[in-house]
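Structures follow.
Consider the two complexes below, in which subunit A is the common component and subunit B and subunit C are the respective partners.
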Partner chain A sequence: MSAVAAKVLGDASAFHAIFFEEADEHLASVESLLLRLDPGAPDAEAMNGIFRAVHSIKGSAGMLGFAEIVSLTHVFENLLDLLRKGERPLTRAEVDAMLRAGDVVKSQIAHRRGTLAQTPDRSAAEAELRALATAATAAPREFQVRLGPLAQPIADAELETMLCGLAEMGQVSGQEINNIAGGEIRFRVTLAGAEADLRSVLSLVVEPSLVHIGDAAVAEPAPQATPPVNDESVDLFEAPAAFRARRGAERRQSPGRREGERAANAAPAAQGEAGSIRVSVEKIDRLVNLVGELVITEAMLAQRLGVQTELARHTRELQEAVMAIRMVPISAVFSRFPRLVRELSQRLGKQAEIRLSGESTELDRGLIERITDPLTHLVRNAVDHGLEQPEERAARGKPRGGEIFLTASQRGGSIIIEVRDDGRGLDRQKILARAAERRMAIAPDAPDHEVWQLTFEPGFSTAETVTDVSGRGVGMDVVRRNIQQLGGTVELASSAGAGTSVTVRVPLTLAIIEAMTVGVDGETYVLPLASVVESRRVGAGELHGVAGQGATLRVRDEYLPVRRLAANGEIAVIVEADGGRAALMVDALIGQQQVVVKSLETNFRRIPGISAATIMGDGKVALILDVPQLVKENAAWKPQ
Partner chain B sequence: MSHSILVVDDTRSMRKMVATVLQSAGYQVEEAADGAEALDKARGRVFDLVVTDHNMPRMDGVTLVRALRGLAEYDDVALIVLSTETGAELKAKGRDAGATGWMAKPFDPTKMLDIVRQFLS
Partner chain C sequence: METAMKDTVEAQGREFLTFRLGAEEYAIEILKVQEIRGWENPTAIANTPAFIKGVINLRGIIVPIVDLRLKFSLSEARYDEFTVVIILSVARRVLGIVVDAVSDVTTLAPQQIRPAPEFGGALDTRFITGLGTVGSRMLILTDIERLMTSRDMQLTETQHTEEEVQS
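Coming up: the complex of A and B.
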């Protein structure tokens, strides 16, 4: 590369980030398009979309010198080209091979990115794609044949015999015959056989080394491993000098027009760029934090001035607008499930289809990451435990293929995600038996929803066999804990023989929570409203001491452990987390409000019993209590 | 006044690379993500040169070239196709549509600047 080239592209790493991100998007779209393809009647637009995505990756990888990616995407592209031109029928085998190849490209990208240590092995994927591309194609192909340069002319009779022979095999066209010493014979032939057959026929008349066969259908040459290219890389249809001369002449003829154009040129490209721009997450988080500060400052001002101003509304709207930037569609999570369901069901010998809806529902980016695992678990459960084997379904008069519905919707400040299957449903008797085994207290005639609640208990599982899919032990309790950590809830509904539905409800964002503020010894503390069950005034006589265990409070039939936050607090706030409850004794209930969550770990340090902090309207810092820990804690706990 | 060049490619990284190369030589670059968007932009103002990919959604490069040649203002603007596809048949189609030249991807930045300079000087 020249100095200029080295300067402009030598530091290609500047383009790497763009390329990686773009390749991720392309690969995700390839995967989702492949999964939606109907092998019987592939959608032409989808095939073109897949082709273009792979083609794009290849092109940019070539510029950046990622030879191994070029190599694999090239073979990938060749197969796609045959498929989209209908020269090979699309079957499940091709779809599977392409999905696998996409995975290898993904790990190649990860390797280049530095997140994957070893170089992925692409040979198997390439061999598989190549085998499918070259497998006896049903449709005839066109070959470009060139014989020569000839050492001496071929006898006319022999030439005639050869062409006639070829005409019997296929169709010959475009003959250019220059049958002299040093000349060449060129023609195209379309036939169904392999190139080797053609070569052997031609070798009967000319020396094998003079037989040149190119495949017109797959015209592209093998990819160059390194970017800089040979001299044939540029093909000018008009010489620059001639072009300039012609343009000069035209310009002299119509000076007026040109001037008008220059004026148009001088005008800035006014049209606003529709579409989107990319911004780093750090920048957005900084914006969110700044707006958080602004909200607090505004609240302080309002409190001091004692007047409501327009500023309050503008600030709130600004905050909403900024939070909206962090929102991403849930399709980012949903899109992985079709593949998961497909692979799982194949492995388990089941037939399953997943139906997605509400994929455009948006939620906070931070939540997306943390909701992925619990949802994956629920979908796995649905395939593994929910759906029956095809025979069993048929015997019950159900279609052999089961369905899993994954639905997302927004309701107020919450996102509701439902994972529903049309499988066998929960087995009430089995759950009750398991509960008895584990000595869990439940009445035999308890209503269904109470029975289903048992499945959320740690270690509770009724799966009879341990499968490598859902395993055993970690189950619904982990799902519930994860969701609760996000300030959300999980509900289960089921009917025998008709299926199970799990409804997950999470807040739209983690950065702002609905909170209850309480007074403890003159300080203000914050409780996430989602964890508060109820609150009530407690008389001194209501607290029962149990030897060595601290006090308990009887709430209906349950004895709850008491956590004395305030030394003389008479108000009990009943909180719930991880399936457990506790009564927190406080001095006063101050109010309910939205608070902006500030991490203590990043601003200060982690404190047991405190999950985060917030800044109140008066500018004071208030601590947000870590309810799960308070519930778990055995001894009475008091904030320091 | 520096010349303006329209760079058309649906692959963002490729588009950025072409744009960076051209900008490094002082050209003013405008980008479009496919033929249709490019045509829109070309209608709004006359660029001094266009570098376009061929295989793109909505409108491919050769179709864009044909459409641009249909506009009186683009009679004498150099239109260069930049594509991984280099088949003779497709090139001929590009030429018939009115393309000024065809460059293969991956491209050599120096060579690209060289070609562009020749058409713009």
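Coming up: the complex of A and C.
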């Protein structure tokens, strides 16, 4: 069939591209659904969602003749089918196996795409899935069933029907019936079905909470001898039952949180239902450019005619709408972290749960790509350095499992992302000691935030051992640099024993910034408004020369380095970046406006002291000054 | 099929845009030329050599402008209504060059093109692919892509390192 399909489709490269993209999306949703699954009480909708995603990958792969993908997804699908029909209980083993299988499919797709040289080996993943799938059906299991303590005796007829029903499903033995109020009914039953089936049959007769099921192999060695004390099944029975019991208890305790989680789960599904089309990024970028042009043309027209028209409002609204197309929910980045935390904590022998919130916060897709690495680093840090080992946590009276909170929110024109853990917090003494070792200048009684600032220095790491996770000291300085390149900031807060929090603040979009325009020697320059502290007129006597060092300007109690942008400028714009300040001397302040950022590097190259360019209302190009660089070095600006 | 097309092109010759720079006439492949525009004052950029006049807004694209007259110190660089800018599309970049005057578009057959001897012109022989003859005119065939991405032009970053490795 696939050969025919391939022939009908002719040149399938366009279909390939669509398939790759869709498969990526399906795999991402499979992964996130798997990670959200609660083994023991899997959400039927989630199971169906996973099944559908795997099924559609298989279908499309078949059409395109990708036999190896079909083969693996087929086995994958088989296991999923058993799981969703409840013919096999879902445990961590299945989830892990499916996650691994998803990875193999991912690399198969990478291989087909041409980004991976060798064909990925699928045999191990297939064997694993197959083993799990057949284990369910082939070997009938013996279950140890205990019903009770009964509130009241079960009607004999009902009891009889139940036992007969079970006898039809499998083999019932070792009955021990104490059918009185407060009594218990025990028996063993051997059947091929899943535990869930058994449970549902039993629930017809007794309260579901009174049904206790365990594997006979691990059940009490002598059931008669052990009087039922409370609910020993929690301790004795194997993982699924224990887990279920625990989750059940949790659910009863905190219905609010569960509901919150459910709402969060429902949201992506609802989004998926909404109609959408796939558009290439180039088309959108072209649209953004064209609208940018329109805005400029409109401004020129308004200037020439000297009248305000409705056109101005329409174009601005159009621009906003077009920019909104580029916005992507931050869940695109966040969705990778549950997996990361799960694997990292397993590797490090830690217990960690990640809690996401604000995943629907939107930001520019250009930013999404560039924020992924720094955030990954912060999350790794939180697991590796932040969280303690379970024993250590228990000794400190904390729950053994640590929590990592990842939240995003929008505040004005910024997106704020916080990575917080409830771990040990930063060690002030250790950082100071390390600083002394590296001969960094810091007062021993410096305030905390200054001490934390040291961790952003290149090569600074207090980790005792270098693991493959982190500790090489190439961390925080790179994080900070990456974030700063996006025009953002990073802040650290920590309290000993209670955890660390890193707050990243980035602008909503890279494409448009709030700007202050200044006049320098007849040219217009643009300063990002976020970096401007204040501006004021400066008298000739206020600038003090320092031999060989240029001039300084005293602003309140601080001497700031002066950068003479304009030869005879008398207005100082005080700017701030990287915690440093400088006074830029300009001829005039022109105004404040939003500008569309255009790269100089597209057709040209990087220019020291200039970060990008923009097009002003009159159609002329204005350059955007690179404030961090101007603050850092005097040499960045040499007037012509 | 491709070779057949190439053959006809070879036989019929290739098209060049010719322009004057000082006393000499240069020819560049027409396919590298995007358009020709009048002069408009670019936005000057500090920290760049004088022959980089700055950047202009070409329908929303930021395009650097290089004055080849200044670069090769050939003639007095005046900017008026007769000054023309050739917008090039080379090495996936768009950039503009200022020359003395644009002459015409000429088709050169292979037999009209001779290899360039070593000679002391303004332009380094690295950038000259040959000499073309049209009647009494001598055209210096220029590899404009190589010239514009060369290190002396200071227009790109990538070529820098490549050239540095070579030298």
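By our rule, the second predicted complex is superposed on the first by the 410 of 640 C-alpha atoms of A that agree within 3 Å, B and C clash if a C-alpha of one lies under 4 Å from a C-alpha of the other, contacts with A are read in each partner's own complex, and residues count from 1 in each chain.
FYI, a residue touches a chain if its C-beta (ideal position, glycine included) is under 8 Å from a C-beta of that chain, and two chains touch if they have at least 3 such contacts.
From a predicted model like this one, the values you see are computed outputs, not experimental measurements.
J.: Contacts for A:Glu293 in the overlay, against subunit B (first) and subunit C (second): which applies, first, second, both or neither?
T.: A:Glu293 contacts subunit C only, not subunit B.
J.: Counting only touches as set out at the top, which of subunit B and subunit C does A:Phe19 meet: first, second, both, neither?
T.: A:Phe19 sits against subunit B, while subunit C stays out of touch.
J.: Contacts for A:Leu623 in the overlay, against subunit B (first) and subunit C (second): which applies, first, second, both or neither?
T.: It touches subunit C, and subunit B stays clear.
J.: Regarding the shared-chain residue A:Pro608, is it in contact with subunit B (first), subunit C (second), both, or neither?
T.: second
J.: Kindly classify A:Gly59 by the partners it touches after superposition: subunit B alone (first), subunit C alone (second), both, or neither?
T.: Only subunit B; A:Gly59 stays clear of subunit C.
J.: When the two structures are laid over each other on chain A, which of subunit B and subunit C touches more residues of subunit A?
T.: So, of the two partners, B touches more residues of subunit A.
J.: Once the complexes are superposed, what residues of subunit A are shared between the subunit B interface and the subunit C interface?
T.: Common to the two interfaces on subunit A: nothing.
J.: Going by the contact rule at the top, pick out the subunit A residues touching subunit B in the complex.
T.: It comes out as residues 1-2, 4-5, 7-9, 12, 14-15, 18-19, 22, 48-49, 52, 55-56, 58-60, 62-64, 219-221, 224, 227-229, 232-238, 240-241, 243-244, 246-247, 250-251, 257, 261, 264-267, 269-271, 275.
J.: Within their complex, state which residues of subunit A touch subunit C.
T.: Touch list, subunit A to subunit C: 289-290, 292-293, 296, 523, 598-610, 613, 615, 619-623, 637-640.
J.: Would you mind writing out the residues of subunit B in touch with subunit A in their complex?
T.: Residues 1, 4, 10-14, 16-17, 20-21, 24-25, 30, 33, 40-41, 44-47, 55-57, 72-73, 75-76, 78, 84-89, 91, 94-95, 99-111, 113, 115, 118-119, 121.
J.: Which positions of subunit C touch subunit A when the two form their complex?
T.: Contacts found on subunit C: 42-48, 50, 54-57, 59-64, 93-95, 154-157.
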